[in-house]
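Have a look at this one.
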């Protein structure tokens, strides 16, 4: 295995994992970030249950696409099987983030989608951020982390949602997973998901009636930042 | 173009933009501050989508009053057209701030004015902080950022609100815009708007009936800080 | 005037004022702390509208008990007349703090007392933290800051509340004032008032029925920390 | 008494107490952590009412299992008798933490158990975090801190809850106590209890109907981290 790019990947994954507590999205050892290099057939992910304060880049774990450890002395995050399912089902994504960020968890615990109540949401998520159905007892007992990935994929497939247009989901009773074309995008989406989860919760306390923004405003904001006609940010 | 004052303006605008994340009003690359020099006919504004952590004063963009770039290598904030409409309609203002600060956004998402429930509000905003009507599909499709400015102006004009007495508004489904005689005042008003938005939300949870403060108390507090008989602060 | 103790008082008052933004109780130039030396007949208070970031101890203002400035080049806090009324009516107190801390303001804006829902409240406030009645138009127009002090005193007198047992009040539509035997106690009470205001608000969201703690538990916690039989803390 | 391990214990207890304000769980002088060495028959606990900013390790108090001071010049935390009751009743625990962390207090003030609404809760607490009944007047008057411990023990005994599976409780009208096999575990449980208390409160605002997660998911998450088949974290 080429050490040079693996080392670079591990540093990137360390940095991304450290960004989560800094952004207030994780406490203790919760949360994990992974990335995939599809050409090399490798995943890089945080080790399981290691303290953020002492984590070093060479503790990051490299696995193949079936989760077999290729590099690293520590066990990978116990959520790795969920990440693997997402990488296989969503070929356009390059990174996955899982947190227990509190407002997203609150929507997960209520079993409800986060509706697009405003342009902050629409800028990053093109429609509802879906909440999965509950896993069945059989699914939980059989292969829990794999089924967690599957129920996310099922949600997108059965409801016809594009994982590119809606780069995240909340797992019923559990919490959020986000993704993106690369690590920076996936982390950014986890920050935005938490922010719009909070905004949506308190908006409902103020609303006379619960009503998402009109579709034409959702379109406008989403396509202002995404796709061929985007005009937000710098042309590169 | 006189470099000396432009450089000074750019530094002021950089500093003001950096004050927003420091005050907890913006995340990621959200938010923008601009100022106008009406004698010189120029606007200085933040570039679009640039990270706050690496932003430097010479990245600030100088435009004319129609938004044509006079100085700077980067695209100006995509919200510039909204700022331009406000500068043209409100001749007394010298700076504009836009954020997605969360409590203000929650009122925007609920489509409701923020009522003056207390003296903290009255000290800075003389009455309701108005929420605009929703933009129509036609307005969103035609010239979105211009129409965003227009609907703010329409709100103040049609409801007879003075943009000096109420230095800010919330755009329906979107978020707050504030302004002031200069950059410091506009930034301060964005901080106060967010604070009173939060206070008003939680006050409603406690209230037996929703009731703004009496007009005579609103008058007292507003005129304690504003106008010829103000006596708060130091005489200069 | 003895410079040596005045200098010491000014340093104490500066330090106490700086403690307020540090504790998250004030933003911008809001809030003020004063102290009284009853033997010398002097008050030391923050100047009006000065930024916390540049405030220095020699900007603190020394006045007599009628508010006439004895030392200092700046105007005293515009809330000084409220402090003076409290010092005259409550002879046991040595310091007064005023903030616009948000949860206390929310109770003020709802016009409701903060009930003692738990021992955190009982440890410092022996019963409801009272909310004053609204000031009348006449009171607001005549001598607003004096009347603000008077309505606090009226609240304690008419309801038979001891200002020692309940070292703070919230002014209807405005915000909290706290006090104590000295500056440290008054600042500590402002921190506790804000904390119990927050706890009480969210407790109400969870409660099946609104119910203060039993009187015997209120007694126990209050007298555990106060009076001749107190046994919390160190014997000095 | 062996100075070497006592010194080590005092340093550990100091560090744990300082972790509480850092984690946002305590203000002022609130909160206390203790540990037990059952072989030596000693308890180490924070002194009462000492400021966190000046606390030093040699101020920690060493007592025997009846609370008699063996080492230290300061009075032990006034909550020591509660800790002693817990150590006697729950032989598997090695440390106890008490805080007034706000969300846990809010559940305490509402007199309600915290239901397991999600996996964040299930990862650390195997079922409801129980709220005790109110203490009677007689109990409060007689031996308050002892009775506080007794009512916690009664809650676990009468409801058949294991203090290992549910390492914490909330005392009605008061606040949370947590424990663990050692100091780190007890502090971690106090952080998690506060986090899930907050998540549960806001989840209820979103929920159509209040419903804990299914038992099979509770089992899965609890036993993923605890017991012989745990697979979260590193094998040591």
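Think of it as A, B, C and D in the order they're written, each chain with its own count starting at 1.
Going forward, contacts are C-beta pairs under 8 Å (C-beta built on N, C-alpha and C of every residue); 3 or more make two chains touch, one makes a residue touch a chain.
Keep in mind the model is a prediction, meaning the values are calculated, not measured.
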Next item on the list: Check every other chain and keep only those touching both subunit A and subunit B; list them.
Entry: none
Notebook entry, point to check: When the Cα trace of subunit A is superposed on that of subunit D, what is the rotation angle, expressed as a multiple of 5 degrees?
Noted result: 90
Checklist line | subunit C against subunit B, contact positions shared by both copies (same if over half, else different) | finding: different
Checklist line | Chain located farthest away, centre of subunit C as origin (C-alpha) | finding: A
Checklist line | subunit B-subunit C separation of Cα centroids, rounded to whole Å | finding: 33
Check: Between subunit B and subunit D, what is the separation of their C-alpha centroids in Å?
Finding: 46
Next item on the list: Could you check subunit A for residues that touch two or more other chains and list them?
Entry: 205
Check: For this entry, which pairs of chains touch?
Finding: A-B, A-D, B-C, C-D
Margin query: Applying the document's contact rule, which stretches of subunit A touch subunit B when the two form their complex?
Written below: 117-120, 188, 191-192, 195, 198-200, 202-203, 205-208, 213-214, 216-217, 220, 224, 231-235
Margin query: Which stretch or stretches of subunit D touch subunit C in the complex?
Written below: 27-30, 47-50, 74-75, 78, 100, 102-103, 105-112, 134-135, 137, 140-141, 144, 173-175, 201, 204-205
